[in-house]
Amino acid sequence: MKMIFKVSVERCIACGKCELACAFAHGSEGRPAKTRINIHRRGPELGTPVVCFQCDDAACVAVCPTEALTRNRETGAIDMVRERCILCRMCVAACPFGNMLWDETYHCVQKCDLCEGDPRCVPFCPTGAIAWVPVEEAARPPQPLDREALVLEGGV
Amino acid sequence: MAETQCSDLGKAEEILARYPHQEPALIQVLQDVHRAYNYLPCDVLERVARALDVPLAKVFSVATFYKAFSLEPQGDTIVKICMGTACHIRGAGQLVEELERKLGIGPGGTTEDRKFTIKTVNCVGACAMAPVMIVGEKYRGNAKPARMAKYLAEGSDNDEN
Amino acid sequence: MMPTLHINGRRVTVAEDATILDAARAASVHIPTLCQFDGLEPWGGCRLCVVDMSRESWDDDWFKVVTACNHPVEEGMTVLTDSERIVETRRVVLDLLLARCPETPLVQRLAREHGIEKTSFEPNPEPDDCILCGLCTRVCDHIGVSAIASVNRGWGREIAPPFHQAPPDCIGCLACAEICPTDCIPYSTSSSRREIWGREFEMLRDPKTGEAVITKEQAEHFARRSGVPLAYFETSDTSKRREMAKTFEKLQVVK
Amino acid sequence: MRIESRDQFEALRSQAGEAAASCEKKILVCCGTGCLASGAKKVAEAFAEEVARRSVDASVGFMVKTTGCHGFCERGPLVALQPSGILYTKVKPAHVGDIVEKTLVGGEVLPNLLYKNPVDGERVELYEEIPFYKHQVRVAMRNIGHVDPTDILDAVAVGAYTGLAKALFELSPEKVLEEVAISGQRGRGGAGFNTARKWRSCREAPGDRRFVLCNGDEGDPGAFKDRSIMEGDPHSVLEGMIIGAYAVGAHEGFIYVRDEYPLAVVNLTIAIAEARKYGLLGDNIMGSGFDFDIKISRGGGAFVCGESSALMRSLEGKTGEPRAKYVHSTEKGLFDLPTVLNNVETWAGIGAIIDRGGAWFASMGTEKSKGTKAFSLVGKVKNTGLIELPMGTTLRTIIFDIGGGTLGDRPFKAVQTGGPSGGCVPEELLDLPVDYEKLTEAGSMMGSGGMIVMDDRTCMVDVSRYFLSFLEEESCGKCTPCREGLQQMLHLFDALVEGRGAEGDIDRIERLARAMQLGSLCELGKSAPNPVLSTLRYFRSEYEAHIRDKACPAGICRELTAYEIVEEKCDGCHACFKACPVDAITGVVKEKHEIHHDICISCGACFDVCPTQAIRTFPKIELQRAEVE
């Protein structure tokens, strides 16, 4: 079953939990700067979460000279193989959506890896602005919020 | 960029016209260039790189890897001392020393007046006449340090040993 | 068919096109390397990954020394990474590298791991950090630039741009400096300018934010090479994210 | 005239044969590099003038031919007369008139120009009776010295391209392979890989395009047999390559020639052009339907390019760095396509093997090393030059019967074979039959056939150091053990020859040598320690003397050696005085001379010129001790 992110922009309250969850999922320090999902903040409690689309015909893959970016058949994510990356940052420049991120502190390129098929940001979203759903469900209008389930899953 | 030089590129064009414009021709082209200019001038190398579509760094790499090439202008007469085994055990080292004393330069050097360049070369295959030195085009078999002045004065002219 | 082989007595089955090094990793056997990089063709220059190898058809006690990084695996192969002569050869190689680079932390660390604190050879009077692993030139070739190459040969070998001057073909991508295991290629970079190999580059700056990650030459080279439109490179990732967010918002409005 | 069938080739052959036979008397002037250096060109010109002058009266038919190297370079310029078989040595243009007048016309032999056997002082008249030639059996060098290398008809007249005609019209490629397999021929470049097996592997490799290469990058110092073959009989190389190409199914060939061999390039270029003209090379060879062409590629001057993968990279226009690949070049060689690479001598033998049959070739030599092998016999030996002998001939025969023993009859010490990859074979192994296996067992190697004779005035530590410094300059620098190892090995040897050697140095040398053998990428590095290890094996005490006694037993290492004149032996000839480059010798004619140690640089020039052996070496350390006292 192919899963995708479903983003309901109108529900985003720009709380930043997804960013923190992502940062913690990819390193114990939980530096918010290290997140691979970014909220574009456009006003108080108004935001738009932005994350890698794992494009079918991806510009990052096309420019990478060492085939360090490869499609993970299981999760559908474009994975970054660090051992092959030469840090030329072409993918960062090439991504038309700004989802390849240069991490100056760790001197490497970061990108969303879909957390092995179970994105950690999703359960932490208190409003259901981001959801991880089978591709056929994505077109349906968003479901009403089940707050209890959210609290349980996310452990808030 | 390489410092500006104004070599006569005409000779280079003639050479390039004789070869297919591909990487395998590089060493052959450089050899002809070396013969024509007596060294490999920077601007000619740039021209060769463009013509053969070989990166300039690769051309420079090849030019510095092989012993046949020099990036410095050479003397009018190149004095080669064979350093083959037979020549070594028959005193090639003494020939080099005598040359150093006579010309004031060591192997690889060129005299200030650009008359002579000394080169030590690997076995030239004339071992039967060791030690051997080649002054210009002239092979000197059983060369002796004591005759060095004569060898240098006669250059390629005299055929007698 | 997936070949099965033994490495230090451990049985491991790997893909047909795997190297001994791949197999050793699969078997969790550590083989030190210096000139190996997964994204590049194996080169076999540093000789640190030497192992003893015996084919199934050979006599039991007949082993050949090969490099793990580029030797293909074979069904029934036996590999030893810790035989006496291998350990000794590796130690001498490190001893030699330590003599060349007595002050280089990476070499010091590797040598220490193999029980060498101080080189037993004559240390290089002009200590150098370059171990001539060839990674920088190979990565430069790999991306289709070849701005730098090895110069001279033997002991005089070094890595340099043509004529030891600012390399005309360089695109300032920094791949050489980033891949260098001893960090011996100096460079400086900011959002306005970058310098490497004595050449200065102008950065491709986002017209709005002023941010930059690559140089103009780099963008042009990669656009040409990959077919990705040059326009993709012209805005910074934050600007692009902002644009994307706005698009999303618009979608919402339409709905 | 283009040959378009076998019949036409046979016709050309008989026509060339008749033309050659029509001229009664031939003057063959050797114009190999050696003889040219001794002035052969002027001798040849003088003969041509003399003959032209005499042909005006048309009573005599002479023909002057310039040929490739006869091998006896030391006695050059050489002039051989046919059909009498007289060989004149050290001929000067001034002798030309006499030779034509007295010998050719008058039938009188000129004793002064004959070879004088250094062993018994006898003058030898005929070419084949000279001990230097008597023991030889020439296969790869069969035509050298007999033909004019720039005249294809001359070569055809003596049988060139006959083997090719046979291969193309009588044998299938498979049959050619079988014939070569029967011959048992192994690579003459040094490693001794079976030729037929190499060809078969290439023939069976997948792909349509493949190459046949000739390795003419004879880099071993002291070896020049390939040079002489390329200069003296280029057609034998071409013929072999065409046959090889036919057997493996290749249509493109390259000859990689060292830049240091200009004459070889010239003669090969002429030979290729002539062969193309006659339809013996190029499209539809001899009308057989087989296409094959050859290009010449000049090397850039790098010893490592003799290594197969480095040679191929060099042909691709790149730096000559060996490639670390565990795939044979017969499958992935030049441009990653199947490639056969053989040495000049290997190719030169193929035509004869096909013409006379593999069994004929296999009837010579030893069990595992068949046929004949060319060597260049040089160094401190009386008769230096090029020889070809059946495998299995002993070193003693080569050095003492053919070579006439050491120069000045000094004690023989060792013979170096295999160049920088080989080793030194000591006196006790003089009866060793020379073949691939025996030389390897003795810690040396066949290599490209250089044999350098060394006498007691050769220091084995110095010789090892010489090879190390040669290799240190020639290492490509790609792999660590070779690049750094040679540098460090040289440091250790510098210390030894300068008297700074320390206890434990020999162990250090051996440890490093072992790691280089095991760890280096290509054969250059792997075999680089061979000269060191072989001298350590047979001459360990010399190393120990350098370290413990700070003395060079051979009196060669300058820092360790001092010279003095033995009063009783000095007859005051003044030769040493003249030879001394630094005026360290004083003395007047007919009186005892003296060497001043404070000026003397221990170069040994006086030692070499002294006719009465009045100069003696002794350890320099004795001087220092005397000073202290």
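Each chain gets a letter, A, B, C and D, in the order it is written, and its residues are counted from 1.
Note that in this section contacts are C-beta pairs under 8 Å (C-beta built on N, C-alpha and C of every residue); 3 or more make two chains touch, one makes a residue touch a chain.
Quick caveat, the model's predicted, so the values are computed rather than measured.
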For the chain pairs B-C and A-C, which is connected through the larger number of C-beta pairs in contact?
A-C
Taking the mean of the CA coordinates per chain, how far is chain A from chain D in Å?
71
Centroid distance [mean C-alpha coordinates] between chain B and chain A, Å:
63
Counting only Cα atoms for the centres, state how far chain A is from chain C in Å.
29
In whole angstrom, what separates the CA-based centres of chain B and chain C?
37
What parts of chain A, by residue number, touch at least two of the other chains?
none
Would you please write down the residue numbers of chain D that are in contact with two or more other chains?
302, 319, 474, 476
Two or more other chains in contact with one residue: find those residues in chain B.
58, 61, 65
Chains touch in the following pairs A-C, B-C, B-D, C-D
Residue numbers of chain B touching chain C in their complex, please.
1-3, 42, 45, 55-61, 64-65
Per the touch rule, the chain A residues reaching chain C in their complex are 7, 9-10, 38, 40, 42, 48, 50, 59, 62-63, 65-68, 81, 83-90, 92-102, 107
Across the complex, what residues on chain D touch chain B?
33-34, 36-39, 41-42, 72-74, 76, 218-224, 227-228, 259-261, 297-303, 314-320, 376, 378-380, 384-386, 416, 419, 450, 452, 454, 458, 463, 466-467, 470, 474, 476, 578-579, 581, 603-605, 608
Contacts from chain C onto chain D in the complex sit at residues 42-48, 50, 65-67, 70-72, 85, 88-90, 92-93, 96-97, 99-100, 120-122, 131-132, 134, 150, 152-157
In their shared complex, at which residues does chain D touch chain C?
302, 304, 319, 324-326, 472-481, 483-488, 491, 508, 511-512, 514-515, 518-521
